[in-house]
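Naming follows writing order (A, B, C and D), and every chain is counted from residue 1.
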Amino acid sequence: MVIEKVLMAVGAPLIAFAIGLSFIMLKRKVVPRIQRRYGPPVIQPIYDVLKLLLKEENISHGIIFSLGPIIAVAGSILAVFFIPMGGWNMLSGSADLIALLYIMAIGSLGMALGAGDSANPNASIGISRALTLMFGYDLPLVIIVISVALYYNTTSLPDIIAAQAHGNWTAWALPLAAIVGFIVVYGALGEHPFDIITAPHEVATGPMVEYGGKHLGLLMINHAFHIYLEIALFVDLFLGGGSNLLEFYVKMFVVFFIMIFFDSVFPRFRIDDAVRFYWKWPAIIALVNLVIVLVR
Amino acid sequence: MEKMTEEQVRTIANMLRKRSLWMIHYCTGCGAMELPPTMTSRYDMERFGMSPYVTPRQCDILLVTGYLNVKTLRRLITVYEQMLDPKYVIGFGSCTLNGGVYWDSYAVIKRLDRYIPVDVYIAGCMPRPEAVMSAFKHLMELIDSGKANGYKLYKKNLAYYKENQRKVLG
Amino acid sequence: MMDIVNQIKELDNVKVTVQRENRIFVDVDKDRVIGTLYSLKLMGFHQLSVQNAVDWIKEGEFEVFYVLYSHQYKVNVIVRTRVDRDNPIMETAEKIYPSAHTWEREITEMFGIKFKGNDESGKPFILENWKEIPPLRKDFDSVKYCNEHFVFRHSEEGNE
Amino acid sequence: MNNISVDTLIKVIVLTPFVGGLLAFIGGKIHRWIRFLIAIVFSFASVFETFMLYNVSIGNIHWGSLFGSELVFQTNPITWLFLFIVTGMSALIVLFSIGDMEEDKMKLDSYYMHLLFVEGAMAGIVLAGDLITFFIFWEIMSWTSYFLVIYGGKKSLDAGYKYIIMSVIGAYAMFIAMALLYGKAHSLVYADVANVLATSSPSFTIWVVVLLAIGLFVKAAVMPLHTWLPDAHSEAPSPVSPLLSGVLIKMGAYGLFIVLYAFLTVNLAGKIMPKVFSTPVLLYIIQWLAGLSIVLATFLAIMQEDAKRLLAYSSISQIGYVVLGIATATSLGVAGGLFHALNHAIFKGLLFLAVGSVIYRTGTRNLSELGGLVKKMPFTFVALLVGIIALAGVPPMSGFVSKWMIYEALLQKKEVFLLIMAFVGSTGAFLYVYRLVHSIFLGQLPQKYENVKDVPIIMQIPMWVLAILTMVFGVMPGIAMDVIVKGIEFFGFKPIAYTLYGFPAGTAMGSLKVINIVSVLMIAFIASWIFFLLFSKTRKVSQYDNYAAGQVVTPELKYNYSFGFYMSFGRVIKPIFKWSIERVYNYWVDACKIFGDYYMRRVYTGNLGTYNSYILIVVTIAAAAILLGGKLW
């Protein structure tokens, strides 16, 4: 039993990172195909991350600047343990859905502190946009989380997954919530209409302006974890979470595949239009869904 | 044993750096127009793992695309020094080689490599994308064979470069 | 088009030559330039397209010219004056055509012609810490400057 | 409690701060250090006495000495909790103000006297047994805190003026309620009040509770009556603001707790009162006021440019959580509200002390002028960081557990829209909290703060104590839960199951074990740090070697984005700022002034002749009334 626990403790973050990285590879291959060109070799993200980590010289603007990526990665690894992955629900017994929303905030707080310390106005503008966007998509996210919790009358993730066993997923029971969930997770990943945070043309890659070398490598690892976390949460809440790892991976693959098509088509929102968008349509749909759940 | 692993790490590192070159193109002159064709579907340099990035901290190659007058040289040196260590410079076109058509102009510098070390030059008064692609290929071979060490040159005889820069910038 | 030419001819001691269908040259001497510009503006030439100078080194003079254009008559008028080369000082046209302010700063830096009344005419404009004589003058030898300040690459010499 | 009996201990607790204040005043006249010594000794003495009073609950103790009328005291675990907040925070604030208040500029003797008087008054409120004692100490607290506020210089005079007027209006409302109750019950001890309200008609109870609530909500700065708080807290001197917003607001929350659960007792739902969604209409209104104040105060806090005003608005939104928790009337919700009151006192005090020490060193509290102080004031940065993590409710710190309890309680009662408002408030807290730490500590260090050093030790001790307390309550909420759960049992609530590290599956919809979160976070942090150190070393770089598209950044260039940090977000919520409650009050004030000028001038014309005629008329009417005696009516 102990070995299995140790294996899970070490294996879960690595698997999560592998899944997240595979999605980045998928994106780096599919988007060029949409633009009618071949695109980089499949394992290009691995080359990028390793090249960044093996840079000979690294700069840092201070302790907090270096601590930022470390806290971000630590926060993401922490969140991985609280989301049931396939058959394993590791620690998700000890923190329920509401606590999970706050645990996922540790990573963004770490990155925000690190980027703030880089003494560059582009980074500060990037962070203020990131936090405003987070404030934007948190409203519909909270409404659908409450509606799912009320629908199953529990907030612990393993019970929600158990309730969705053999086929009756939440997506069929609460279709509106699933739609809003998709939009929210899509925005949280910073895909195209919402990539205001790292808009290369306006704010020179936002918070990552002064990051280079192994700091940027850590941030890319954190981005891979972030993709895994958001989509795993969506799959666990709405698509039944998968009994074994393969089924879990297939569901996540399908969800991310759809997102890539949205990503390569849309122009970019202005930040306050993005917040207005989130507080108008997804919020209204989510409220309608909430009333349905309350009335039922 | 220690020496051998050091050697192995360097070869692996060179292999990785060859395959994922991030590029900042400092559009000083008319060469910047040659890069969009190399990036888009016709020539697609992303096949070699190269993609354009925005800030010097994140990038490996500095593309000097065209003539450099004295004012932009001052900015270019700041960008060059902000880049992190295994960095390479590619000089586009004859203006970086010997001043090109501006050979007698009082404002344009004549030889780029007196001010910052240049790894690869591309001849031609704005080389076509095929020439640019071959330059990238050549740079990759240099990196793989470990000969592309312009940045070490810059560190070694910094005084020489600084003196030249001061002579021009004043 | 002809009535415009006649109108311009009526201006006092002005030499008018019509070169092409819509291009009229007006030659005025230095101290009556501002008056001519002002009257031309009243006639309808509201736009100062270009103001620059030419260095006639053999005659020892600078020539400052103003290219005016009227959208109404679709005609270009080029007012030309001559300035002595040794101490070239002229009246500023800033009051009539505000855009002249920047043109005059550039002319001062490139030719060394001072413009009274334009407060920024002496300030450095494009060139950074430039020690030589204004570069666009004919007597400035650019090749000599390049040999002094820059090093050329001779074809057989390798990259040291 | 073997040696001295409990009632003498309670009297001693109430008296020590007052005696300490007087001695400090006299000592100050003799020499500076005597005053500091007395202030420290007496404030820490009251802390020690509080610990001697641990888990003692005793009925009414009568103390008849104060000019004829007798004061009634009582104590139970809830009062012990608030007493701990009061005495603990006051002791730390005395320490901080010794370091912070300059000697010559202000008359410090009366400052320390008022400081200790406020502490005594608050101890009196918390220990009060009947409404009269409660009201007496309430008034002492209002007036002494008014004198403390106006220490902040010229601008704090009108802030204090607005504060005292609103407090007095609140006190009048409470006084009328007490008169109504006295008319019916002839004794204002909590027990008698409870059974009077049990039998009286619903309209009477609603009237009494509404009037009491007005008095309490003025002090607790719930939304419609909050306008004094931002001015009073930001203009008050820097050691007074933590006292004001950390402790003084909690008295309003304590009063609400007493009104709801001592007077109306727990079977509130059973009361004969109109119901909305199965909760009494009174609680529903209070909850919606609290929810409103959470959301609107957060929006206002996000747009602030001044550090202390930002923290003042955030106090309004956090006290909204406490009131929301208390008004849920389920044991989990009330426990969450009280625990949040404790946490808020700690981390808000910590934040105000940190901002105070920044003001002490740099002299300005305008967020756009500061920046990059992390290099010069690392300890204050760590203290502020701990405070903001707690305020945002992020796991390792204490704010998370109490907010989690309030959310679970709301979820259980299916009050969904209030839960949404609470969540919006908490995410908004994340925004303005980051604004605070970014504008002060991160970014470019301006030239004029080059030689700023960290604050002296005596000002750092309080910050360290509060930071450690936040972490302790964050990781082991069980410690505080012992006191709170015993307290709600005393008032008749069902006890909730809790462990030292969280809540088992039974209590709420989901379970929580904070120790797992914290330990895994530490392990993950160490692992990623080692991974970080595996690779080549990093070179420290000055703040001017920065990406500016090639341009060289020079010191006199203000290369910092700190003014209007959330300007883009402001455009989204601009319509909300059109109407503000403050303009309504100002409108009324102007109306009264015009009325006063126009009509009163008619009556008091100012010349003696009219006044004599008034006297004559009054005398004749009186004489006629006496002569005709009872015949008329």
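Some notes on this structure:
Quick note on the criterion: a contact is a pair of C-beta atoms (placed from the backbone, for glycine too) under 8 Å apart; a residue touches a chain by one contact, two chains touch by 3 or more.
Nothing here was measured: the structure is a model prediction, and the numbers come from that model.
Chain A has the Cα centre that lies closest to the mean of all protein Cα atoms in view. Of the two chain pairs examined here, B-C and B-D, the one linked by more C-beta pairs in contact is B-C.
Among the other chains, D has the CA centre that is most remote from the centre of chain C.
The mean-CA centres of chain B and chain C are about 40 angstrom from one another, to the nearest whole unit.
One inter-chain figure worth recording: chain B and chain D are separated by 61 Å, centre to centre, where each centre is the mean of the chain's CA atoms. For this pair, chain A with chain B, the centres built from the Cα atoms lie 36 Å apart.
Within chain C, contacts with two or more other chains are made by no residue at all.
Taken residue by residue, chain D touches two or more other chains at 545, 547, 549, whereas all remaining positions touch fewer. Residues of chain B in contact with two or more other chains: 55, 57, 74. By the definition of touch given earlier, these chain pairs are in contact: A-B, A-D, B-C, B-D. Contacts from chain A toward chain B in the complex involve residues 32, 35-41, 44, 47-48, 50-51, 54-59, 200, 204-205, 208-213, 216.
Taken together, the chain B residues at the contact with chain D in this complex read 26, 55-57, 74-76, 78-79, 82. Chain contact summary for the complex, chain C toward chain B: residues 127-129, 131-132, 135, 140, 142-143, 145-146, 149-153, 159. Within the complex formed with chain D, the chain A residues making contact are 13, 53-62, 64, 66, 69-71, 73-75, 77-78, 81-82, 91, 93-99, 102-103, 105-106, 109, 112-113, 116-122, 124-125, 127-129, 131-132, 134-135, 138-139, 142-143, 146, 149-150, 153-156, 204, 209-210, 213-215, 217-218, 270-272, 275-276, 279, 290, 294. Against chain A, the residues of chain B that register as touching in their complex are 9, 12-13, 16-17, 19-20, 22, 40-41, 44, 46-49, 51, 53-55, 57-58, 60, 84-86.
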